[in-house]
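Per-chain numbering from 1; labels A, B, C, D and E assigned in written order.
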Amino acid sequence: AISNDTVKIGYLADMSGTYRDLAGPNGQSALEMAIADFGGSVKGKNIEIVSADDRNSPDTSSSTVRRWVENENVDMVAGMVASSVSIAVSKILEENDKLGIISGSAASSITNEHCTPNHIHYVYDTYPLANGTASAVVKEGGKSWYLLTADYAFGHSLESDVRRVVEANGGEVVGAIRHPFPTQDFSSFVLQAQASGADVVGLANAGADTTNAITTASEFGVTQSGQTLAALLLFLTDVHALGAQTAQGIQLTTGWYWDMNEETREWSDRFMEKTGVRPTMVHAGIYSSTIQYLKAIEATGSDDAQTVRKQMMDTPINDMFAKNGKIRVDGRMVHDMYLAEVKTPAESKNEWDLYKILRTIPAEESYRPLSESKCKLVNN
Amino acid sequence: MSMIFGVPLAVLSGQLLIGIINGAFYALLSLGLAVIFGLLKIINFAHGAMYMLGAMVTVLMFNALGVNYWVALFMAPLLVGAFGVVIEYFLLRRIAGQDHIYSLLLTFGVALIIQGVLINWFGVSGLRYAMPDMFKGGINLGFMFMPYYRAWVIVAALLVCFGTWFVIEKTKLGAYLRAGTEDSQLMQGFGINVPLLISLTYGFGVALAAFAGVLAAPIYSVTPVMGSTTLIVVFAVVVIGGMGSIGGAIITGILMGVIEGLTKTFYPPASSAVIFLVMVLVLMFRPSGLFGKEA
Amino acid sequence: MNTDATRNYEQLNISGLHAYYGESHILHGVDLVVHRGELVTLLGRNGAGRSTTLKAIMNMVGRRTGSIMVNGEETMSCAPHHIARMGVGYCPEHRGIFASLNVHENLTLPPIVRSGGMSLEEIYSMFPNLYERRFSQGTKLSGGEQQMLALARILRTGANMLLLDEITEGLAPVIVEKLGHVLTQLKEKGLTIVLVEQNFHFAAPLADRHYVVEHGRIVEEVRADELSAKQSVLDGYLGV
Amino acid sequence: MDQSPKIADIHKSIVKEQAAQERKRLMLNAGLLLLLLAAPFAIYPVFLMKILCFALFAVAFNLLFGFTGLLSFGHAAFLAAGGYTTGYLLSNYSGLSTELGIIAGTLAATFLGLGFALLSIRRQGIYFAMVTLALAQLVFFFFVQSEFTGGEDGMHGIPRGHLLGVIDLENNLNMYYFVLAVFIGCYLLVQRIVSSPYGQVLKAIKQNEPRAVSLGYNVDRYKVLAFVISAALAGLAGSMKSVVFQLASLNDAHWHMSGEVILMTLVGGMGTLLGPVIGATFVVNIEYHLSQGPLRDWVDPILGGVFVITVLAFRSGIVGEIQKFVRKNLG
Amino acid sequence: MSDQYVLETRNLVKEFKGFVAVNDVDLQIQQGHIHALIGPNGAGKTTVFNLLTKFLIPTRGQILFNGEDITSTKSAQIARKGVVRSFQISAVFPHMTALENIRVALQGFEGTSYSFWKSGASLNRLNERSMELLESVGLAEYANTTTVELAYGRKRALELATTLAMEPKLMLLDEPTQGMGAEDVDRVVELVRKAAKGRTVLMVEHNLSVVSKLCDRITVLAQGAVLTEGDYESVSADPRVREVYMGTGASGERGAVAEAEASQ
């Protein structure tokens, strides 16, 4: 049955801080689009949205979510970027047996040591990003790597993933620098990377750190001196900020790109009408996951967390966002990922025409296999 | 090739140069702070925001009106400076003579407002600003590749720093300013229009920050939050130099740039902590900073 | 140059002056007139409101009502720096030496408001201590030296009406004597002087007239020639 | 000696006045206590606990800022130290009863506070603020680096456990009354400190330090003690918070937190006992409610506005202004 | 045999970056005396005070208190030994009542100053003594007034009372009558006389009438060095003193005429 005759979705994301552009207010638009496209109601029960700024603070978020689920009968919480927030929220959802669909976070720990039976990690995580980019670059001859790593848990895990992949593919990591988070001026790190003479300079960081590193790299002519830049976590918004001029030639892995096919273009146009910008993979993921969620309720006629989650796990996902998508027992939604390269100014027809997709990385290759999982829900 | 602590000399000299470049940059930012604190006893927590504004204005003027870098180099500080005067006139003036802490809180509030509004307008992922053509590329110094633009940054920053220092420490105007901040009422009693002087000084201080912002636009990603992290570091620099010591701010700025640069080579993770370490150590032995006058 | 013409020229005319510091009402309707070239003292007990009167003239108190005419111009609406530009020189009660400037800078700080001020040489020869210490920080001077500096400072500006607040405070007798000379010289130059003093013995021989201030009002006016006659009255007010 | 009766009278009146104020304060406190006892039935307990924790934090800060005149810009360090220590112990040593974990957290903050104090206490005014800021930054970097804090993921799933091994704190009401008890205890302690002989000396130091020295007081020692007490209470606040939310995160160590507590104290009214409490309540509330309301995206600018307005319009804070008003119009 | 002196300095020197403010000063203050330190402005009087109370560190020389070397003792200690000073500018706790000002001084002896758990009422025990002290400086009716609101003269009186509260063996008064009207001056003179009973006082004073009324012995400083020493008559008779300090008509009143300061 559908609890108190409404399906209530709480949208929690950073609306005003460093992660705003990933999900933020536009993420809510995506959510609204999903509900509208679904018909505004499920099983004749209407669908409501509540939303809040997570302030990137786990305790603010957790008091918000507690009230949502304990007093306001919220059935599902969507969005969530900062890993501290996602983890905190998932714990609360577990206590109250509600569902969470995390679309913004990168940390693979969310479905590993921190996995719960009450959340799904939908769009991407660091594992396939490192995996996809690194293996591809090594295969194309980038044997020796030099890493610029953001010096905190996220960076560290990204770095170790890269090391593994690079070595697995017969390359080697000749050096790594752990730079403070955040860093504005990368010149001295870039300089050291150049001095190392490695084929590839890998950026194991995110957001402003990455864009700053790339800007500086191009200023110091890293690519001219024959080194390749590999960004391990780069979003469309970042590339857009850098511009094709600066970012051209960078290889990256993404879960989705707006200009892949008719479906994606059609949806993105509608999104752009609403928001004025092109969607990131997170936006698309929020849309897709919400549709999947509602479908599951439609099918089971219940909005109970476990029922819905089970249903979602049993249904393969093939939609505008995900190909060969499947939600695993650990809550990880695995799907095809794509290796992309940033276009040159010549190739790029407009400010958002930024990627060319080099190849597809099949779902099963990309995400961390359950065999390596530390998740309590996985029995191995 | 000779090595120092396992670091090739070439790399080291490169790092030193980079250090000096960033130092010049710090110098410029901390100079503005020092001027504002030293002369107005205002702890300007909006300084980071003003630096950010300088960069933002540069980009926006380019996108909207195609204003080029050189024009921006004058326009942006001018606009931000004017904005500063407005803030001084309508806000800071009302708490003149109150405890430092109030100016700190007020400007901190102002910074939150500016930053928050810009985030809502332009997002956080940053605006694009192309390197002006004449600065594209660079020269190979043998031990490193030196982008022309960085060279320009040193020259520009140091020139402005020296000019400011000279005016404040060596001219009558400077004397008025210094005295006016101690007892503005009495200065007025001598026939000097102190309120005007103060507004202009604050405007000038933040204009310096904006100038640094313009210099930053082509090399750092320009976002509404770019100032907030820089702020605290620059503060540390000013304190180490001795709050309000103009020359101190400049020298310390460069010094810290170098120290930070070396840390980035020998133990990168500490490179953002090192400045605070230095600060604690310095203040232990020189209670009012390296160049600060004993209270 | 003390012709009657100038003597009758009202350089300062205060009427019905009230002054407030925030809540507290300090001056309750002060009326006084000072003619060009006169030396007038404000006597009274501690807290009577003499300093406040001077501050009020400079527009340095919280709030003022009433009228203050300088050279026949109403100044109630003027900012302090305008008043100074009218040739009013103010030497504050607690000296107001600037710590961030050295003695020399302190001395040369106030801008010249009119011609005919004393030259640096004259001033240094008048206060040799200051010359000795001219490069040390203003506030590092001894109490007395600071007092001298504070006075010397406004002698430079060429102001033709001086408001002096307790300039002999903490000065050695010899210096006090010297200040006596200085003031006489200034008078001869035709300057107008309003002097707030505790030290009656210093003020008496110099002044043309004395005003006695009590509880923010002028309660008595004594001309120099009436001094002996009204001595007892005066003592009553000053509690000597 | 005809004077002596008069003196006696004056003296009597003074003592009477003291007693009267004492009574007023008692009544006020009693009223508040009732309010707080009833609150959890009207308002969501976890939220109330959050308020209490921050109120305690602000009260601790105000002891130093408002009553000793020392502006610390590094109090976040103590909040975090308390939180992480308690969190770490409770999560890794099951069977450790909660209050022990909290005490340990408080002690950790206390010693950290002592360290801070010894390094910073000789610095004057803004330099003091900046040294504490610098030290706090170093502590922050330590927390970012070290594994046990879980870096920016934060420390999660801290068990609330049992108070004295018996009272189950998983139950929000139990937890609430425990937090409330601790809060009241600390509040009264601070109240006592301020009026104590020691408090008098602090007051004196704040108002005229050289004079205090010339009266034979070793001011540095008094300041250190004040700093340490303040740090301890801040740490306690952090420990409680980590137990309440069952998590500890870097936000508590970030310098923004040090700024926020200043805001709370200022908005409420520095140098007043109740001020920080009111201030904390106010700030936590607007932040919480705005972040969910239609003005969701504008929380920071609005907080900024609050800063500005407070500083410009009512510098002595909510409580301070009320006191002024009362003094003006009612006696 | 130095122990007949309460306070003694030997070759006391203070230099400020080359400038010698106090030059080889030997002071000897006798038990029970009211001892005046006079001299032209900038002679070094305040600096001497600062040295005696360790607000400044001597460059060279020795300071003995009751024969004990206190050259390297800290300010607070010295105060507790019974050497208490007043300041050239009045030093009070502005936002405390007059009563509280005194109590702060008194509670030092209670040994409870660190006990932050004790109730404030525990200090009421001190009220009686405090009132006595206030009375002795004629401030009884201001006991409950906040100090800022007191006029300058009263502030100084209050400061003196606090100083007395310390039961000082040796009082250092820097220009106690500065900036006071005649009335207040007389009051202070009486106060000091009363206070001096059973104590020793060292004071800086420019008001010669005060000096002549109060002081048993006078040391004249000029340009940092001791010019002469003796009782009022002998000192005021000394031509050098007249020259550098008193001026010719040294009647004990200020304002007589003299030729220019010839001290350089």
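As a working rule, a residue touches a chain if its C-beta (ideal position, glycine included) is under 8 Å from a C-beta of that chain, and two chains touch if they have at least 3 such contacts.
Fair warning: this is a prediction, and the values are worked out from it, not measured in the lab.
Student: So, comparing C-alpha centroids, which chain is the farthest one from chain D?
Tutor: Centre of mass proxy via C-alpha means gives C as farthest from chain D.
Student: Just curious, how far off is chain E from chain A if you go by their C-alpha centres, in Å?
Tutor: Going by mean C-alpha positions, chain A sits 75 Å from chain E.
Student: Please tell me the distance, in whole Å, between the geometric centres of chain D and chain E computed from their C-alpha atoms.
Tutor: Centres of chain D and chain E (C-alpha means) sit 42 Å apart.
Student: If you average the CA atoms of chain C and of chain D, how far apart do the two points sit, in angstrom?
Tutor: Centre-to-centre distance between chain C and chain D: 51 Å.
Student: Got the chain A residues that touch at least 2 other chains?
Tutor: 16, 151, 180
Student: Note the residues in chain B that touch 2 or more other chains, in rising order.
Tutor: Only 116, 119-120, 269-270, 272-273 qualify.
Student: Dump the list of chain pairs that touch, please.
Tutor: Pairs flagged as touching, ordered by label: A-B, A-D, B-C, B-D, C-E, D-E.
Student: Show which residues of chain B lie in contact with chain D when the two form their complex.
Tutor: Residue list for chain B touching chain D: 43, 91, 94-95, 98, 100-102, 105-106, 108-113, 115-117, 119-120, 232, 235-236, 239, 243, 269-270, 272-273, 276-277, 279-280, 283-284, 287-289, 295.
Student: In the complex, go through chain E and note every residue touching chain D.
Tutor: Residues of chain E touching chain D: 53, 55, 74-77, 79-80, 84-85, 87, 91-96, 99-100, 103-105, 107-108, 110, 112-124, 127-128, 131-132, 135, 140-141, 143-144, 162, 166.
Student: Across the complex, what residues on chain A touch chain D?
Tutor: Within the complex, chain A contacts chain D at residues 15-16, 25, 50-60, 62-64, 66-67, 70-71, 82-84, 87-88, 91, 107, 109, 114, 151-154, 156, 180-181.
Student: Any idea which chain A residues touch chain B in the complex?
Tutor: 16-21, 24, 151, 177-180, 182-185, 187-189, 191-192, 194-195, 207-208, 211-212, 215-216, 219-221, 225, 235, 237-238, 240-243, 245-246
Student: With touch defined as at the start, can you tell me which chain C residues reach chain E in the complex?
Tutor: So the residues of chain C touching chain E come out as 44-47, 94, 128-129, 132-133, 136, 140-145, 147-148, 166, 168-178, 180, 198-202, 204-205, 238-240.
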